[in-house]
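Here the chain labels run A, B, C and D in written order, and each chain numbers its own residues starting at 1.
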């Protein structure tokens, strides 16, 4: 059933990501408005709500989801709070856009997956927003067209200018590499079967406790080999690249440029300094797609299965970091529900 | 005064451009909805209105502008109808986004300019949408920063894959070259003082009645020399490029790419096939900017003066085509109102 | 008749260019050696000869050309000395590679042309070395293939990082722009019929007495329109670009790069700082081609007609600079000898 | 001691590679000529010698090396014949340019290394010609400058349009991958300590008996991680790329272009179709550098140690292919002689 008026959205979590989604829904996206904001920090959430006409502040997600003017939920709270919020949303049968990670580990993701199946229909879109990036989308379209034949290898680079201190090897897998895990699964339409993490001698700019950069190899159930450079203190900028090598050609994204400048012996352009700059449009498109689908009464985009599979691959990645060598990924059979 | 609810927009003209703006306002832009559509074709306008909740069809622009749910007007009717629609909007003191050309000639543009001045405040944004293109915006920002020094020359290319038959030399100036006229004035912040149109021996693909390509030189009151290649049947795609050559460097846009493909002995990418593909985002941003400014009670973007100046330069261009050689541009003094 | 041993070359003029050719012949090119060097500066020429086994120093070109071990002549002396050296070479019927300009003006070039015709066979290759540059050669090959159809326009950029003081507007035409004159004639296979020089308000880095940059338009007898930006103090490097716009496509050279570097927020590469760096290979190939052809008993490459035509176009260019506006080029009819 | 006349070179082996070197020495390189050609095929070698003034045909390398007009030896015979030819050259104390591989395995390479050490001075330059490629040279210069800090990772692509049938997995390592082995050692100045070969599900264009493509990971004694895609039937062209990822930036080669063409909806350029086209200049520069050094009485370039190390890494690579997993490289200690 199609919704005619604007979609009333409850945004759970008003930290950096949540606040940005509030702004996006109210000022960028067509057909939605924020009617509820939720945060354990009562003061912060009140301040946010006060700035928006017709928006109520809550500290309890369940209360917000029970409100009459809430048609859908965007979860942007910390990962450990996701499972409870998702289960509550299921009780109200509300459509959800859940920021990644779906949940912090494979076991909890599996529980969410089972709960959604009990509900009998898909309700959750997981926030793997690279699937909405214009460059990735073009690459996906080209690969799916079959023009280049089967994809044999995928080379990826994931570079941040710098990373806040406190970021650990596990964060590198769970928060950074997780994007390439999803991109690999999505672009190839295959599951990752093993992960091998190699650690070069770290850069002298690597902070205490983080081996930076790392080089990761995935193998897939379709026989593809995928490599990922993750370099979180590369110094020069935020750079995400992917090259698919296929039977009849190769295709590369991540070198996009617009303005070329000649100055003082050098030609070239600038490099984006963070993911906000690089992926701003992808976030806008992701939320717009979710709003549009929800208003049409549909659920599209990355599913709970995708969130679960990413969690399982992450667990293998963290084990490869600590134990060394190649680690096989353990996945339950994919339910027909998610095919 | 700030408007809280969505802006009610009357769209005048429901041809290709108008229909696209209707879709844009309802499905892409945040904070506005189409409450009225106007067209002399009663059947067509009714069909458009029927598909939109809360939208009324009109055949008379004045009736639409008098409606209570109309807060602003977007004029997308043919050029000769613009003057009357603008004057009516002024009577209702409504904010207007007027598609280019402002009016078909400098004399009528001058009348509109005078009417707006009598109103006492700016009401019109003219639809020179290249000012909202991400690449042009970056170029403008760089030039304005002063980093490269004064701009000495500007090289432009304006290429269409092909053009419908019936397009004349005058169309080439008034409908195609007009964009580079505005871009020149905007990027440099200078007025164009002369136009010289050169016509190479036409391509064998040029249709009857059109000398294609043409090569145009502008001189400005700041001493810059600007050249424009206009090639409307280039065959390979829609390509808009600009290079500013400055005292300490040069900067070029229009070679942007995202996906690089290797196939069968060739590397490279695709070329956009029309302006819709190339400038889709610019149109979205233009209308969003107009909606946002209007809701804040402001008028921004290209002014009636810009529409008038473009019309005056076009007249000189058409004269250079027919008489040959360099033709000086005649402009009235710029009113303080438009500084 | 083919020459088996290495070609003995007399190099006339041992200034910067001459000395570089001496090095080139002895250390880079296959099949030739310098057997004579000539310069009015007796001390300098002796120093050069002393460093080379089997090489004699002369102050008189005629004496060098009469020597038994001299098979061919490379003229790299100042332009005003070229006519006499060429006529002497004709007396000895020696093959000549003559650095550009052939002679300083059209009248003297015409005299050389007549003298060579009296000789009855071509003896002179003029040093327009861009015809030997790999990029220009590829562009020429593509245009000649007919794949893109007839060439309609040619856009050129000729930028130097900076120019020594004392360089005049006439130098800009005779020493810089002359390359694009030859490139235009060679790429298109057409004669230039008019020259128009436009002078933007000069860069603040332009030295006293030089209007820098300048923007030049050529028209050709095949109906093509050619534009050239000449910017001799652009600050950022030596950059030579050309784009041919044809009926079925366009092709551009001069953006070649090899090493791409990411550093501190910027991606890109370096720009060559002078013509020696940019065109080193072209000079090597030019001289090797001359040596190879000479050893085979042939004369190839740019002819005296090309040298004459360049001189005539330069005269028109200088007149356009001083008088303003469009100046027609005056050429004698092309002798059958040079077809 | 410096040699004044041209260097007399004996070329051993007149197959495709040898014949090309004969042409190069006689027609491209300055300061050398072929005075002897050697081949077991008496007819072929006589035909080659007959076309060159002052060149004698031999079927026995030792006889050629004993000739008075032979100053230096270029070995381009099949790999198994290299050891004997090298030892004979050592007997005559002749400088040698030996095409890769030095010898077919590490044991024989070790014997050559010991023989050269007994001779007491370096005599051999091994034909790893990528070290003479302009792009690799620039990359090496940049890395050695320290500007980007220590190199942490090196990503390589090695693609051939297609490969003759009969090429085996061992050939892929010994004839293709061997270049990246040398490039890795040379660019980083480190030894390779382990090799891991991964084999994606082969392309449907892979010939019987060859797993194509393969993905290889090297680890080095400096802690760098190096990956190489080897794809010998990629279909689109010959493409060699390398990206060094360093502590303060990254640098990439192998995307060089010169001519950019717009045609029919596509922009881009051509891809070289084989190594002859891609590396022609590198071969020229390699042989010129060898001739120049030899005439100065010096030995430069890749040494016998480099040939030995490549052989040892190749053996590990072939083992990883057949046994799977990571294989450690076994190297003798590097003799002081080769430091």
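Just so we're on the same page, a contact is a pair of C-beta atoms (placed from the backbone, for glycine too) under 8 Å apart; a residue touches a chain by one contact, two chains touch by 3 or more.
Model, not experiment: these values are computed from the prediction.
Each chain's centre was taken as the mean of its CA atoms, and the one lying most distant from chain B is D. More C-beta pairs touch across one of B-D and A-B than the other; that pair is A-B. Between chain A and chain D, the centres computed from C-alpha atoms are 45 Å apart. Taking the mean of the C-alpha atoms as each chain's centre, chain B and chain D sit 58 Å apart. Distance from the chain A centre to the chain B centre is 38 Å, each centre being the mean of its Cα atoms. Under the contact definition stated at the top, the residues of chain D that touch 2 or more other chains are 234-236, 248-250, 257, 262-264.
Interface residues of chain A facing chain B in the complex, by the touch rule stated above, are 4, 26-31, 53, 134-135, 138-139, 142, 147-148, 248-253, 255-264, 292. The touching residues of chain B, counted against chain C in their complex, run 149-150, 152-153, 155, 198-205, 213, 215, 217, 219, 222-225, 227, 229, 231, 234-236, 245, 247-250. Against chain B, the residues of chain D that register as touching in their complex are 161, 234-237, 239, 257, 262-271, 273.
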